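Written out below as structure tokens is the structure these notes cover.
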Amino acid sequence: APAATSTPTAQPQPTTVPKPTTPPQPTTAPTAAPIAAATAVPTAELAMPPFVSKPTTHVMADGYVCPEPQPKVPLTSKEVNLFVWTEYIPQDTLDCFQLVYGIKVNRDEYSANEEMYAKLSAGSTNYDLVQPTDFIVGLMIRQGLLQKLDKGKLPVLSYFDSKYLNLGFDPNNDYTIPYQAGTDSIVYNADKVKTPPTSFADLWKPEYAGRLVMLDDSRAILGATLLTLGYDVNTKDPAQIDAAKTKFAELAKGVKLFDSDSPKTALIAGDVDLGITWTGEAFLAAKENPSIKYVYAKEGAIVWQDNYAIPKSAPHLDAAYAWLNYSMQPDMFWLMLRDFPYTNPVQGALDYAKSDTAKVKDADGNDVTPADLYKAYIDSPVTNTPLEALKAGHRIDDVGDALPLYDKAWTEVKGQ
Amino acid sequence: MMLKRLRERRSLQGTLLISPALLWMIVLLIIPLLLVVVTSFGGRDPDGNVIYQFSLDNYTRLMGVPSGGFDPNCAPIAWPALAAIIGLPSLVGILVRFVSRRAQGESRSAAILRRAFKPYVFVAAAFWVYVGVNIYSACADALYVGILGRSLELAFWTTLLVIALGYPLAYFIARAAPKRRNLLLFLVLIPLWTNFVIRVYAWIIILRESGVLNGILATIATALPFLGPFKPTEILYTQNAVLIGMIYEFLPFMILPMFTSLEKIEVSLYEAAADLGANTLKTFLRVTLPLSLPGMVAGTILVFVPVMGTFIVSDILGGRQVILVGNLIQRQFLDARDPAFGSAASIILMVMTLVITIYYTRRFGFGEEVTAA
Amino acid sequence: PFQRAVNTVFQNYALFPHMTIGENVAFGLQMKGVSKDEIPPRVKEALEMVRLPGYENRKPKQMSGGQQQRVALARALVNRPEVLLLDEPLGALDLKLRKEMQLELKTLQREVGITFIYVTHDQEEALTMSDRIAVMSKGVALQVGNSADIYERPNSRFVADFIGETSFMHGKIESQQNRSVVVALDRGLSVRASADTTFATGREVSVAVRPEKMHINAEQALDNQLRGHVVSVVYIGTDTHYGVNLSNGQFVRVREQNNKPDSRPVAHEGDEVTVSFAADAARILTE
Amino acid sequence: MSNRRSPWLRLFSYFVYAFLYFPIVVLIVFAFNSSRTNVTFEGVVNIPDQCGPFYWFCVLFKDQHVLEAAGNTLKIALTSTVVSTIIGTMAALALQRYTFKAKAFSEVSLYIPIIIPEIVMGISILVLFSAVFTWLNGALGLMGDARLSMGLGTVILSHIAFSIPFVVLVVRARLVAFDRSVEEAAMDLGANEWQTFRRVTLPLIMPGVLSGAMLAFTLSLDDFIITFFTNGPGSTTLPIYVYGLLRRIITPEVNALSTVWIVVVFLVLLLSQRLQRRSV
Amino acid sequence: PFQRAVNTVFQNYALFPHMTIGENVAFGLQMKGVSKDEIPPRVKEALEMVRLPGYENRKPKQMSGGQQQRVALARALVNRPEVLLLDEPLGALDLKLRKEMQLELKTLQREVGITFIYVTHDQEEALTMSDRIAVMSKGVALQVGNSADIYERPNSRFVADFIGETSFMHGKIESQQNRSVVVALDRGLSVRASADTTFATGREVSVAVRPEKMHINAEQALDNQLRGHVVSVVYIGTDTHYGVNLSNGQFVRVREQNNKPDSRPVAHEGDEVTVSFAADAARILTE
């Protein structure tokens, strides 16, 4: 059982989190208009209700004890269809939900927002929950793909850190609730890169040519390029996009790999030495090789947030709400710190983890406690994005008609 | 009377037998293809939905027609002029050929003239192509045509290398003792049964800089120091990696039909060729090769067509930098959310493969060897 | 295939199916490096020789079996070999066509004057076609000679049996006076035969007689006259075949030519008949 | 003719076999890797109380999701193989033996899938399904679970579509060489048309039908592109799943999966060969 | 195939390759709905009849051509048809086997007493096997009769030519006295022939003579004696075939049986010979 029982003394540090050698120096780029989280000021600071975990009798193989859902609602549905990112939900969460509620969880996975959007907009899907990233949320709302959330059925919302709520892409969280957040910025291998880059612009230095990895994401990378030119990441101006294309073309010659799936692999393998990736990848890469560092670019990193949303045609609404409440319940959601350590928006989960010392096994079979995980998380500027970095960040948004321009520019540069 | 009734009955039976397959093809092939054709003339709204209309924009964009039309001064006038001047004499060759063909048998001098001009025509043609490409890339937006060209090139090399690797093996198997033949063929099939994606993944492990290949090479280099210092090869995330992956994926599809063709050749034909004084090489060129052509044609289609359309190999092994038509199309349906443009690209791709395969099968004949096993 | 100028006509022709007839015939010449100008006339000549002029542009599949056979022949002949080996060249043809082709081949051989070595299982074909025959069994040539030598004077049971039909009668040498031998068969019968060699008295031998050299109820008195009864009568038009069980139980075949106007069988099943043959028609074989 | 083979040919053939099997050996070896990122081989995994060197195999057999994907793959492959084999064999019989009005059209439409790129087919089927389903759901007012949606059904339908032409091709090749006189013989002995087909024709074309089925099964098992465009909830197949993993984090579990797969396939093929040999 | 109890033995046997011999033979019975207990003994009996007892579990591929032929026979006979149609049953066998099977078939037919309708292209086979022969051309039965009727008294050129070899001589009727007819050939030759009907003088006819009924340099004086010279001599063991050009240029074939001890050809190419034949051996055919 969590909290109460275990008394850890000297536990091994399983996740060695590198202390950043260069502390992030967030500087707001003068011309860019940051649309950071902080600008959307929460309407009211709600006092977080106290949370007391109640164990069930279900114990997982790794030692995790399934908590009791709070509240536990009776379900009529027999199953729930998740359409989520590949490898983004702890196995324990899935197992516990199925055991506690006795219904089947069907999980389909996607590895790109566009894939999810294409499937959903083609209609004829029976998904109950999807995980869209911020920039595509607006589009999905406009296309009528999502349904309004009934916040009365979402008590879990009270445990969320308000800085992740009410953001520009869904101002009142009518359609989405946050899942995980993160940034895209610069990563480098300190063993191999002698002069660490501090800004996106630095990546153009000839010494880095041939050693770069970039996300295969036209909006993020062209966005970063736009930032170096002093333009907005969401510009629709063909001239600006063209300029970014020309500028990026210089960089592209030195890019060895475009990979928005698992860039860390190439970093760890030594195929590439630096580039632009997102937080989670950097964190995991650092776990394998502590020399891999993450830097918030001077221009301001690209910030993003993955969210849960319910498709319009979801057939199992009761189960979908039950899933949201249970899977993000504080004594459940701290599992993310162990399994998928991105920026965690559930303050309740962090608070819970801080003081829990029940031992569970991590993926490598080592014993860890939530408290260790919490410490590692809080101490890492990679996962626990500094507020300044968040403020200076730029959020990608849908650009409508200009999207083909981005795509063409992207194809053109890569296809040369 | 009875015969007519019988014929009608047989016609009815035939129709009944074919109809499930035909229905399937109409519903899941013909209609979808028509939908794609219709979509390809459409447009895109800001949210990426298809606007059904009739416009050739997608096609002109694919062909690289600049949005404002061609700039008349885009290419220096000197090029076409030069091309004309260089090409002019080769017209003589063509003319002679034309006239002599008309005249049913040519005079000796005409023949000499024609032969003399033959190499020249080739040179001129090469030059024309060169000039054409230059003018095109100067005046038009060569991006998409370039991608098509690259896909064609890759498909060409893949097919060629797959033949080069597959032919000897197919020959080897076809000439093996009948008992071993099954086993040998079976061994070719097994990799096919693993899984397309997993096979590509295996090549990542092999080809990466710290991968198995470099590991082996490094071991060799250490064992044989006189070869000089070892420098790891960098193959992964290059066009060569894609080529290797494609060859690996599609090699069995070439071997199987080619084996079927080669196995059918009777041994007595080799004996006859030897009896008539042909050596091994000549027997191969004059007997084996032509007789195995149908299998090669079938294999080529089974390799060329999927290579033209696939996007996974280039995705995974090409580091997302090797963009083929398949990738282009896939991006339009996903990342760029421009299904109309993607449809147009699909149509172009389909027409291109159709034209090439039809020409190819007409030229070399198409046997039943498409499949073996 | 080797250095000698030998060419082969294969058992199943082995024509190259992807080449035209012209190309097939030209193949050997091309391999020999005959100059390009010389090839077409020689191909034409060869095809005329086998009576297929103008067939240059056909494909083998478009020709009948007999025509294919002739193409195979032309393909071999065009190289002007010293020896032509024909391996059962007519084996795959039907009876009628085979008969025709036999004659054609023979005529052709006379024309071109090349030595033909002709392999066949069909003894009638062997007799029809050859100047000299070698009868081979298990890799050994048992007898070599012209058709009549082989047929009329086989030197062994195998040859007698393999080439043509033979009635064998088993017995022991009873006595011999110069060429005239008396052989005692079972149950008191005895036959008179001729022999070139001397046999020990009592030796076990076979007396071999060709069916057509035996006669049923012959008018002339021949050396041997054996009683028997007819067990089968088969009328085949040109001849009538009789199967006769001799009085000692020995079975013999008799073949009478129907050389009379409106010949009908002279005996019927169950009839008692006299089978007669000359002593010179009977050969004594020891193995 | 074994004497015709030169040692070079033999050597080259062994080289090609090595090329074919090298990646597979690598895949298998890396299934025992102790590094979970599986970038380089860092020694054989050995966790004593968790299956020792077979750690990743244990992980695999506990992974509900992979097993489900494997199950889906088999379900799809088996169903589409059975259906496409039946339909394809019927079509082959029709094309080879009968004349009817739509023959030329049928020939062409059965030829197209072989020569058009899969991606075109996949996309066009996606376009069709979404159009039809949207329309039908609207027209029939279907709600909730009753709504028509992409899923196992659509994947199977599409797999059948691309398998049929290959089955037709293979079965026709067998029919071309079929000696019809045995059918006449069966009729002569008093069998009616159906009995003749059941007892004589079908058993005789069975090898062709089986190799057609084998081909359909292989194609379905291996298919990524068309499945990618036509799947929906609960129809993730192995290729799709592995592709997803490949794009996120891949662990030696995938290698363990491939190893198990290869071993099973090998055994099944071996068994079927044995059975075939016995029946001939 | 239809309601009558007819079964067929097919040209190429058409055995079901995927069934055992037993299953092949049982097929017809199963189709007829014969009870399960009755089938095995009847199959056994049929196989014994064709001398293949105990072969039930073999596959057709494991049997020789002759054995397959007999299985095809058993498969048809087991149904006890009223009529058995045999469509060139021996066409695919080689010469030696064919001869053997002919005899077996004939014996079997006697045993079972079923009417056999036997289709063949091989005239010798037709003559050998049949009680009655129908010669058909283009769907019309030209002549029906027993072997000797057909062979000795063909009623048309087609029959004479198709069944056995015939030498035809063209000419016009010169005179007729009862059955004795004189036909004038080209260039002043004339032959005597027999006829059953009366012909108008001057009518164009063919005189048909079987080669074995012509003789070279015969000792007896026959009705017709024609001079000619030999153009070909083919020794085939049992007989020798001569091709002779008569003095008027007409070509005739002569077949002499080698029924003397050590028979050798009596004439050689280029020899002047007399070809003689009886008037009764010559038939007059108008079409």
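Letters A, B, C, D and E mark the chains in the order given here, with residues in each chain numbered from 1 onward.
Going forward, contacts are C-beta pairs under 8 Å (C-beta built on N, C-alpha and C of every residue); 3 or more make two chains touch, one makes a residue touch a chain.
Keep in mind the model is a prediction, meaning the values are calculated, not measured.
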Any chain touching chain A and chain B at once appears in the list D
When every step has to jump to a touching chain, what is the lowest number of steps that links chain A to chain E? 2
Chain hops separating chain D from chain C, counting only touching neighbours: 2
Of all the chains shown, whose C-alpha centre falls nearest the centre of every protein C-alpha atom combined? D
More C-beta pairs touching across which pair, A-D or D-E? A-D
Distance between chain A and chain C based on Cα centroids, please, to the nearest Å. 95
Any idea how many Å lie between the Cα centroids of chain B and chain D? 23
When the centre of a chain is set as the mean of its C-alpha atoms, what distance in Å lies between chain B and chain E? 62
Touching two or more other chains, which residues of chain D qualify? 39-40, 126, 243, 246, 250
Using the touch definition from the top, which residues of chain B touch two or more other chains? 208, 210-211, 333
Chain E, residues touching no fewer than two other chains: none
Chain-chain contacts, ordered by label, are A-B, A-D, B-C, B-D, C-E, D-E
Contact footprint of chain B on chain C as seen in their complex: 1, 7-8, 10-12, 14-19, 27-28, 31-32, 75-76, 79
Note which residues of chain E are touching chain C in the complex, please. 91, 94-95, 121-124, 127-128, 147-148, 151-153, 163-165, 194, 210-213, 215, 234-239, 255, 257-265, 278-281
Taking the complex as given, what residues does chain D use to touch chain E? 179, 181-182, 184-191, 195, 199-200, 203-204, 206
Touching residues on chain B, where the partner in the complex is chain C: 266, 268-269, 271-278, 282, 286-287, 290-291, 293
Of all residues in chain B, those that touch chain A in their complex: 44, 46-49, 143, 146-147, 150, 208-211, 236-237, 319-321, 323, 328, 331-338, 341
